[in-house]
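Here come two complexes built around chain A, the first alongside chain B, the second alongside chain C.
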Partner chain A sequence: MKYSGYILLAIVWLALPFVLERHAIDLLVFCGFYAVAGAGVGFLLGQGGIVNLGQAAFYGLGAYSSAYCTVQLGLPAPVGILTGVVVSLCLAFLIGRPILRLSGYFLALATLALGIICSNLFYEAEFITGGTLGIPGVPKLSVLGFALDTPTKFYFLIWPVAVLCVLSMRSLMSSRIGLAMQAMRDAPEAAMVLAIDISRLKLWMFLISSVLGSVAGSLFAHYVGFVNVDSFGVERSIFFLLVPVIGGAASPAGVLVGALFVGLVPEALSVLGDIHRVLFGLALVATVVFFPDGLIGLLKRLADTCIPARRQALKMEQSR
Partner chain B sequence: MLTVSNLTAGYGVPNILQGLDITVRPGEMVGLVGANGAGKTTLVRVLAGLLPARGGSITINGSDTTNVPAHARPKLGLAIVLENRNLFGELTVAENLRLAERAGANRPKKFDIPRIVEMFPAVGEKMAVRCDLLSGGQQQMVAIARALLLQPDVVIMDEPSTGLAPKVVKAILEVLRGLCSEGMSIVLIEQNIGIASSVTQRAYVLSTGRIVHHVADGGWPAFLHDPHLVSRYLGQH
Partner chain C sequence: MPISLTRRTVLGAMLAPAIIRPTLGHAAEPIRLGAILSATGPGAGVGLPQRNGVLLAVKAINEKGGIAGRPIELLVEDDGSNPDAAVTKANNLIFSQKVKAIIGPTLTASTLSVGGVADPEKIAVMPFTGLGLEMEKQRRSVFHMLPTQDLNARALLEFVTKNMKTRKVAVLHDSAYGNIVMTKLKEVNATYNVDFVAAEKWEVGATDVTTQAAKIKATAPDVVLVIGNSATPFRNLRQIRMNAPLMSALGTASYEYVRAMGDAADNIIFAEFLVAEDPLPYQKDFVETFHKEYDTFPKTMEASAWDAVHAVAAGIAKAGPDATPAAISDAIRGPYAGAMAKFDFSAPDLTGLSLSSYVYSKLEKGKFTRVPFTAGQ
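And then the complex of A and B:
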């Protein structure tokens, strides 16, 4: 009974590609990319209180690394993905060390600047990125000789990857390092006098976040088969930030919900015509105002109210 | 054990701390008293490494720690109980203590959680409770417990009596006395002269960033009976 909700979710997840149209599956695959990249942003936001407005830079580095390695150099896809991770780690390390000394708005602005600079570099470095023309012909991924050449097949890769990221985040949060991260977020000065090196901790978190951004970007490149600069602008970074903000940054599972919201709601509203962008904006504002814990907080409250076992557990916890 | 020599520090252009000299010997509880704005909290922040010193030196157990980062100072034997406790509110008492225990793991072990529970039974009863749900007194006890688990030689306590009931303050001071008798050095930063004089052997009086008076060992009665000194430096009668 304890896992019945998860089993039901898994059944729905397995069944969806067989009942949905190709376009809807395509959207769900994109939600998966948002979830992986957004997990990194959510990790920084939820555990470190760091607003990262530059995740598209790492997303782009991952995508271009994969595209360049596979198309220009003819290397296998895993080498491209790994190259993206290494390049992203190097950039995150070099940039993270100085900018993570900042805090609050200044740090957010520094990450925004990183996103803008990288977006311009992607545009200018034509010899690698192909400039506005981009890099076409990125090969489809294949796992154990099985080509992931349809949205349905990719759906069965990207969502397990997203869930794995979320579970890794969750396990990290409940570890001793996770405790130190929470301490840093709650009272940074107290954390420092308790021998927690918060500069190093923040840098580690930034590195982890960059890896997730890069992996999402690499998978994106292999999925769409074409990368160009339009996919890695500031707007994309804001999208990645919305994922944990809407879903709930405090809970790793919130990014899955947030990614679905960010990926599906604009599309659902688009049937209403040009006004859909305004409506999406209103939906975002309403979510933030009415559900400050994110949609995952709302879902938890609903579950606590509707599921008798959870209701009882909550009562017992309150009475303690 | 703790030596501060000619220490200067500040936030803006003028220095707030202007050439402080403080010495604390092993097993001694020394007061640092002063009115609001005297520079007490600035001194705590400099000692903790949260604010850089602009001049002078800080030595703990013979090691120059002036430029040692805040997170490395506990390894040299320094623990700080910051003003307003500064607990990690979303973590439980046990988690707060565990973080400190781990941080002090490389130092000679003097305190462990069972001993802490013996010293502060109220802490033991609240192990699974989030720190932001504790009373002020309980929070202060957790803050002190957390500092002790760093296995320090010197503890600096910034206004531990603020906002606490007299009974709780008395209990905490008793614990501090016991720690000194075991050889621990304590610097008690206090605005309340009554508390400082009741528990410390001697004290430094801080005013506008300078040590303006030193209450020598056994000198508290004379100081307290000099209304001119008390009102001049502490604004109290």
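And then the complex of A and C:
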């Protein structure tokens, strides 16, 4: 009974491609990319209290690495994905060491600057990125000879990847390192007294976040088949930050809910005409104001109220 | 007359419906077309005029009885000037809505991404861009409504060398579309032998380019080519008293940009396709229809949008309303005489525009005046 909710979710997830139209599955695939890249941002925000406004830089590095390796050099897709990860790790290491000494607004601004610099580099490094025109013709991913050339096939790849990211985060959070992260976030001075190497811990978190951004970017490139600088601007970084903020940064699963929100709500509102952007902005404000724990917090509260077993457990906890 | 931004027009634009259904009176099953336009984001400056042209064309065709007696139903999607969003919109239009053809997208990046989805399905796409990359020539269902950047570059240098008879040229361009034209200017310069005394770039979205303008002024050019989608460089050049003639490519030839230029909007020359104040004979009907509907004059973007819908309608009429998308694409692939220019969608650049298709205009007190010059002769 403990896992009945998860089993139900898995059944719904499996059934969706057979029920929904191709367009809806396409949107869900994009939500998957947002979830993976947003998981990195959420990890930094929820566990380290670090606001990362530069995730699009790593997303772009992953996408361009995959596109360049496969289209220009003719290398297999895994080489491109791995190249993206290595390049992102190198950049995160080089940039992370100096900027992670900062904190609060200054650190957020430093990550924002990283995003802007990389966006400009993507424009200028025309010989690699194709500049304004980008790189078209990125081949579809193929797993054991099975081409992931439709939204439905990709859906069955990206969502397990996203869930795997969330489970890894959860596992990390419940380990000793996770406890050290929470100590660093909630009481940095006390954490230092306990011999927690804060700068090293922050760097590790930044590296993990960059890898997630890069992997999401690589998968995005292979799915869409076209990479262009317009996909990796500051707006995209803000979008990735919205994922954990809306979903709930405290819980790793929040990014899954947040990704669904930022991916599906604008599309649902678009039938109302050009005003949809204004309405989406209002929806964001309302979510942040009314659900400070994010949508995952709301879902937990609803579950506590509606599911008898959870309600009883909650009552027992309160009576103690 | 420029469009005035009243509360009514702003609200009207914001509440513009996403689906344009044929009016009552058409009993026949509608022919469904899709449109992907940049109604929001950086591309909205050209995307919104294009939407006006598309909507008017659909209305005009339906009022004349539709295509073979069947009205057009138009589904308008906004890609937010983002190529990723354009892909999801294309997936919706092609696979869920089963449209016969797609009008748009507005921007080059979106065109490249939508082409990747539509071309394998042989769905005709009519983007408001010129051919961007060589590989696009293989996409036989993507027909371009605007000239290639190579042709845009030639059109500018034709006027500079043959009409203005000068060779000391400075270029101020943006980091996106202007960057591509700048590259092409250098490539085609072997033919024109112009001396580029300065080439300065501004980032897309920049609100001040005075520094670049000052560098341009210091080289004392005979003419400054301003290439991009922004009124800012024109204002900044005039603010620092740059008195040399300014010449612009297609991007800023619209009343909205002219209004944004303010007092700087004088003595600017445009290489474009439609001067509505003085239209060519084949453009008169469109200009009158547009003016009657919107109480304002159209420019190139509106005309190309009008032509895109009419070219698709002609293709569907030729292939038959129940023809497959591939048959419709085949029917479109050929000459088409539009209001903007004469196209040949079977040409290698999938546009068929030539230097002689251009008309040149000069801004005088906020009004476009046609300059009697024909390029390519």
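Following the convention adopted for this analysis, the second predicted complex is superposed on the first by the 320 of 320 C-alpha atoms of A that agree within 3 Å, B and C clash if a C-alpha of one lies under 4 Å from a C-alpha of the other, contacts with A are read in each partner's own complex, and residues count from 1 in each chain.
In this section, a contact is a pair of C-beta atoms (placed from the backbone, for glycine too) under 8 Å apart; a residue touches a chain by one contact, two chains touch by 3 or more.
Remember, it's a predicted structure, so these values are computed and weren't measured experimentally.
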Query raised in the report: When the two structures are superposed on chain A, do chain B and chain C clash or fit side by side?
Result: fit
Query raised in the report: Between chain B (first) and chain C (second), which, if any, makes contact with A:21: first, second, both or neither?
Result: second
Query raised in the report: Of the two partner chains, chain B (first) and chain C (second), which one does A:131 touch, if any: first, second, both, or neither?
Result: second
Query raised in the report: Which chain, chain B or chain C, is in touch with more residues of chain A?
Result: C
Query raised in the report: Taking the superposition as given, does A:123 touch the first partner, chain B, the second, chain C, both, or neither?
Result: second
Report task. Name the contact category of A:151: first (chain B only), second (chain C only), both, or neither. Result -> second
Query raised in the report: Between chain B (first) and chain C (second), which does A:187 come into contact with in this model arrangement: first, second, both, or neither?
Result: first
Query raised in the report: Of the two partner chains, chain B (first) and chain C (second), which one does A:179 touch, if any: first, second, both, or neither?
Result: first
Report summary line: Smallest Cα to Cα distance in angstrom from chain B to chain C after superposition equals 38
Report summary line: Both partners, chain B and chain C, contact chain A at residues none
Report summary line: As the complex stands, chain A meets chain C at residues 21-24, 26-27, 30, 120, 123, 131-134, 136-137, 151, 220, 224-226, 228-231, 267, 270-278
Report task. Using the touch definition up top, name the residues of chain C that touch chain A in the complex. Result -> 13-19, 39-40, 77-78, 80-84, 87-88, 91-92, 95-96, 107-109, 112-113, 115-116, 132-133, 135, 175-177, 179-180, 203
Query raised in the report: Which residues of chain B touch chain A in the complex?
Result: 48-50, 69-75, 79-80, 82, 86-91, 95-96, 98-100, 102-104, 146, 150
**Report entry** Residues of chain A defined as touching chain B within the complex
**Finding:** 176, 179-180, 182-183, 186-187, 189-198
